[in-house]
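Next come two complexes built around subunit A: one with subunit B, the other with subunit C.
Up next, the complex of A and B:
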């Protein structure tokens, strides 16, 4: 053996002692095993506790929302008996056919007549037991069956918000008395408030609907997705696959990372300055809201996209380049399909954040009182979280339940969106 | 050493990774219809040089190539050379099997499809079948062409990669340690395959295994520290090397 091979060995004479076999049965060894098991057990318990705690919070949230919000989807009806011949409405049978029928009934003073019928049925002040829009229910009943006008009949009409609140045990004392009397006569019933799903904001809590805000959110989210997803993904692809590494791309990377952490209200100010003051796009519109939120979530999508693209094994890229795929083919045939699940995860997170965002939308005027659902991207609109914010600020008690009901709708929207994204992600998930 | 009709020629080729030189002024001719083996200790630049032959180094931003490399007399680093076409003509098989996470059929069909080599679906099917047969994989996979390519065994995956490379009908096939991740039986299978493919393609194979180089190649090039030390007929290299360094390496003095 050459001397160089033992150069690092101990000096001659210090023979290493014969190897003593390790005794695995000493007390120290046993103690170590015990401690190891104990540590494992402790960690498992801690993890379990953490999961239980977070699930518990979620359950408490859901339970409290459902218990206080489900009532928001219901309304109280009063059975109103109307003697149509006695009301003497100046309409002819002929007018009730065709498209002008609802106008004819309005013109004939049906609204006042219904009020009078209520006074007749319930006595002095009886017109305050029924909602302002109760006559619309009567109108729809007459339109469905014009024969009603010739006889005496009973129709379930929405109760006024005071009676509605009292029926739920949260009204004023005098209303409570009325409710007790009506209940004694078996005139009260509860029905599902379908109007809640078709109407928009209103001043009367009994008349509000969530559809205006829901449609506003849908339109806003559509704009956000259509702008942020392609731009974010293309940026991620460009930065990862095309741009070289130099001072400029480093700068861009740092900027994007910082942008993702900028408070959302700043994006609202940016949207205000750029889209409203400079480009003069319509105020309060889903178009502007969507663009503003797109600016906000784009960095999230870019960062998630870059990480997903980075995680694609280089061997796949080599394989594709190796048989002569062009760069764009490598990206679109191989890298993107493998990166898509990760990109979608980032998009879900971004969209969920955008859906719940209030502050930037307040800055661009989406907090106005808007009583009809938006017809298009340029119409004034509000969105679910802003609607929740506005309702929670109302003094009238009827809005408390409506607020919780709106929160339930928002959560359902969120769940639906996430479910769709998870479905898509699983569809594209590939193993390699 | 030069030939009358070399398939590829390299003249004074140097490769740098940033400031570091990995290949130093290599001049070599790759013959047509023969297998050339590149041997040498780890880190001596075999893979790096191999990757200059189909410009795979272009995908590494830090890499810079100097000198001249020609395919059939045409400079592959000239402005007029289309890299995509070059890589179709000079195919590559990598050290680690890297099938696409797609079906077996798609793996093989991908190259012909992007290069427009098949006009009809039946053409494509014929190409896939022929390539898999040539790669000696057809009998094992003919009943499950739609299964994922990644679900095959390592040796099958590597043969799938070879089928994928030959499906575009290349003129040269570069193999970078194609058997280093395989067991002896799969290795023997690939070596047989190389012997069968010889004659139709110019094949360059990088290997750490002396016996393998001796078995499959007709020419052997020995690299050391980025330089081409010796290049000769395989028999000569293994029986009567001219350079002392070659002899030391082959007899196991270092490496």
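Up next, the complex of A and C:
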């Protein structure tokens, strides 16, 4: 402390002005202390309230998704009794063996036959109680046991969306009446809707699945990882180990830090202008989506990578240099392996961000109605968050459950990725 | 030859080159010569010469060949049937291209069906030429590099130079991305501003892109209502939620909470930050919007919209809480302990210490964090796309609907308009505005954070 700092104050050692000591026991002083402590308590409660409120939001969000989404994993089945001999399907036992069996059954008019069986079982209009794809369940049952064709049997088939909604108490009045009648006959049951995990988008909420979107997401993520990880790690190494401090590296650094904070939709505009309109890459393809997201999360990987590389102590580098390693060898044989857990943690967090991203993918056209899972990187595809967005726009009530169910799947993936990142950090984190 | 097969062919050649170069270097080594570099380094040198030039050429060829193909198709007599120019000509060509690739499902124009075989022929011609040159380059590179393997050749230094180059190129991609964003936005915006005057766009108060008059397109493309909506939702309503809650959470967690509580609550806030925005948007549209509408109706606004500014802003605020709280957390932690201890030793209560000492000392960091939070809020897209309305109004009433820049970008670009219309170009002008504003906010905030960190170090 130089003396200029206290120029206006009396010099140290000077005689302080005489002052009567404070009497802390007067009422005024006691009141003042009481008020200060009360303010302290209020402030503390305010802080607690803020924390509780923030966590409360999370709980409300999760609870509302769970409560409306769990139903999406279930479906309502109707027990349909079918008298196969009476239906008189033109298939021979020989056709049911071998690979063409499903085609043979389809060709024999099984779909219509199942509809007729439903009319027979439930009366006029009974074919509307079962889903359009109910005959597929029957087909699979017959394929599993061809002996069914010779007798009368009962099979649980998926109910139509109207009946399904009514069974959950959200249907139209006439459907509710049907449900009441079927329930009286003990024909309704609920089952886990495995189709939800194996099918793609559809117009009927009962028939939709998330596999199409999930596969699109996986393909997109693969492209993102393949592009962003090497580029991000290499540029982190360059900036941390090689770059001198000059204007050029400052420019790189500013643009990386800024890119990390650019709104994601801007990256979508970039993808639209560069990848689609200039390079003419296929629209709606996981390839373009992956490239766009890679540009978006690359700064995240670079920043995490730089921090991880910075944390490796100089003694490691010095020791390697000391035994004659070249610069590249020091970095690739010693620094990089030690920094890898940190880099991977950052990468997983970046990938989790990319997995939940929607807006840039809307810009490059990944919002199309895709009824079959994409076959390759250049096929039209959609991704999980975009599928959620598309379903949330649907008017039909059945989609509310499906949207929430898809959200649960997305959140489960994100949670797993973040858990992996935390596990990696705890397991491999070294304190030097 | 399809690109993937070509890639594998080149990689296979690279592997062969690697193996033969290593065998050669080992033979030299066994022969008693003193090698400068290890056999593996010689091998890598040769493999790089085999693969890299060939792949670079393949990439350039992939970018060039479409225009060569189009040129040769146009030179073909079959192209004489094409209309002279304009939109129809382009779409016939595009259709013929997709037919030739086997992507199309039937043709809309008869001409394109005639052109498709010509296209396919030209395409396979140029593809084979490209593949031939690529393989030639790979072999030539391998031969050149193999001829350089001598005991004194410094293969290691050469390989390391190559790696350095790769590192430099990787770090340039960040600059290229920034440049790419800026140039593509500026380029498309320039085309927009050739149609609509800048002043009309920046200062016009009517936004109705559904009907754009041909004579005066600027009259319905005034972006002021969007700017106001963005500011109102992102910088006012969201911040009214996020700043107090985020700041108080950070203060409580750093100053009051038991370590065990902290260990549980912090991840909880981090999860809040990790929830995808589309989930927030769905929550806002499904739950918050209708609830706020009911409140508005109860307050005497019978025609309140369920797509109010308040519902989008509230949910956005919740999304921003962890962001504000972690920035505040960092800046409070950066204040030297001596300042806090000094204040407590003078008899101040914890809350007085926080309010009079810690927060003022941490203020630059907190303000920078809030700026970053604002930048994030105004760039947020999915919540407003799903929960805010498309009606552009300038209003102070949070129960009324407002729209934002990001929402309009999505609406403009996902409609069914051809690409060159004023409508789609307007999206890029909006994007440029958004980019410039967030860029300025980020630069200022990052600078403040950096300077502040240096001040206490």
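We take it that the second predicted complex is superposed on the first by the 339 of 432 C-alpha atoms of A that agree within 3 Å, B and C clash if a C-alpha of one lies under 4 Å from a C-alpha of the other, contacts with A are read in each partner's own complex, and residues count from 1 in each chain.
Everything below uses one rule, namely that a contact is a pair of C-beta atoms (placed from the backbone, for glycine too) under 8 Å apart; a residue touches a chain by one contact, two chains touch by 3 or more.
Because the structure is a prediction, the values reported are computed rather than measured.
> Applying the document's definition of touch, where does A:244 land relative to subunit B and subunit C: first, second, both, or neither?
first
> Quick one: classify A:317 as touching subunit B (first), subunit C (second), both or neither.
In the superposition, A:317 touches subunit B alone.
> Between subunit B and subunit C, which makes contact with more of the residues in subunit A?
Counting contacted residues of subunit A, the larger count belongs to C.
> May I ask you to decide whether A:389 touches subunit B, subunit C, both, or neither, giving the answer as first, second, both or neither?
second
> Taking the superposition as given, does A:91 touch the first partner, subunit B, the second, subunit C, both, or neither?
neither
> Counting only touches as set out at the top, which of subunit B and subunit C does A:281 meet: first, second, both, neither?
It touches nothing on subunit B or subunit C.
> State whether A:326 touches subunit B only (first), subunit C only (second), both chains, or neither.
both
> Let me check the overlay on chain A: which residues of subunit A are in contact with subunit B and also with subunit C?
Shared contact residues on subunit A (touching subunit B in one complex, subunit C in the other): 326.
> Going by the contact rule set out above, which residues of subunit C touch subunit A in the complex?
For this pair, the touching residues of subunit C are 63, 66, 156, 159-160, 163-164, 166-168, 170-175, 177-178, 180-181, 184-185, 187-188, 244-249, 251-253, 255-257, 265, 268-272, 274-283, 285-287, 318, 321-322, 325, 349-352, 354-355, 372, 375-376, 378-382, 385-386, 406, 409-410, 413-414, 419, 427-428, 431, 434-435, 438-439, 442-443, 446.
> What residues on subunit B touch subunit A, complex-wise?
Within the complex, subunit B contacts subunit A at residues 54, 56, 59, 61, 83-88, 91-92, 94, 96, 98-101, 110-111, 114-115, 148, 150, 161, 164-165, 167-168.
> Along subunit A, where are the residues that touch subunit B in the complex?
244-245, 313, 315-326, 329, 333-334, 338, 430-432
> Quick one: in the complex, what on subunit A touches subunit C?
So the residues of subunit A in touch with subunit C come to 36-37, 39-40, 43-44, 46-51, 53-55, 57-58, 61, 64-65, 68, 230-232, 234-235, 237-239, 242-243, 251-252, 254-259, 261-267, 269-270, 272-274, 277, 279-280, 295, 298-299, 302, 326-328, 352, 355-359, 362-363, 367, 385-386, 388-389, 392, 400, 403-404, 407, 410-411, 414-415, 418.
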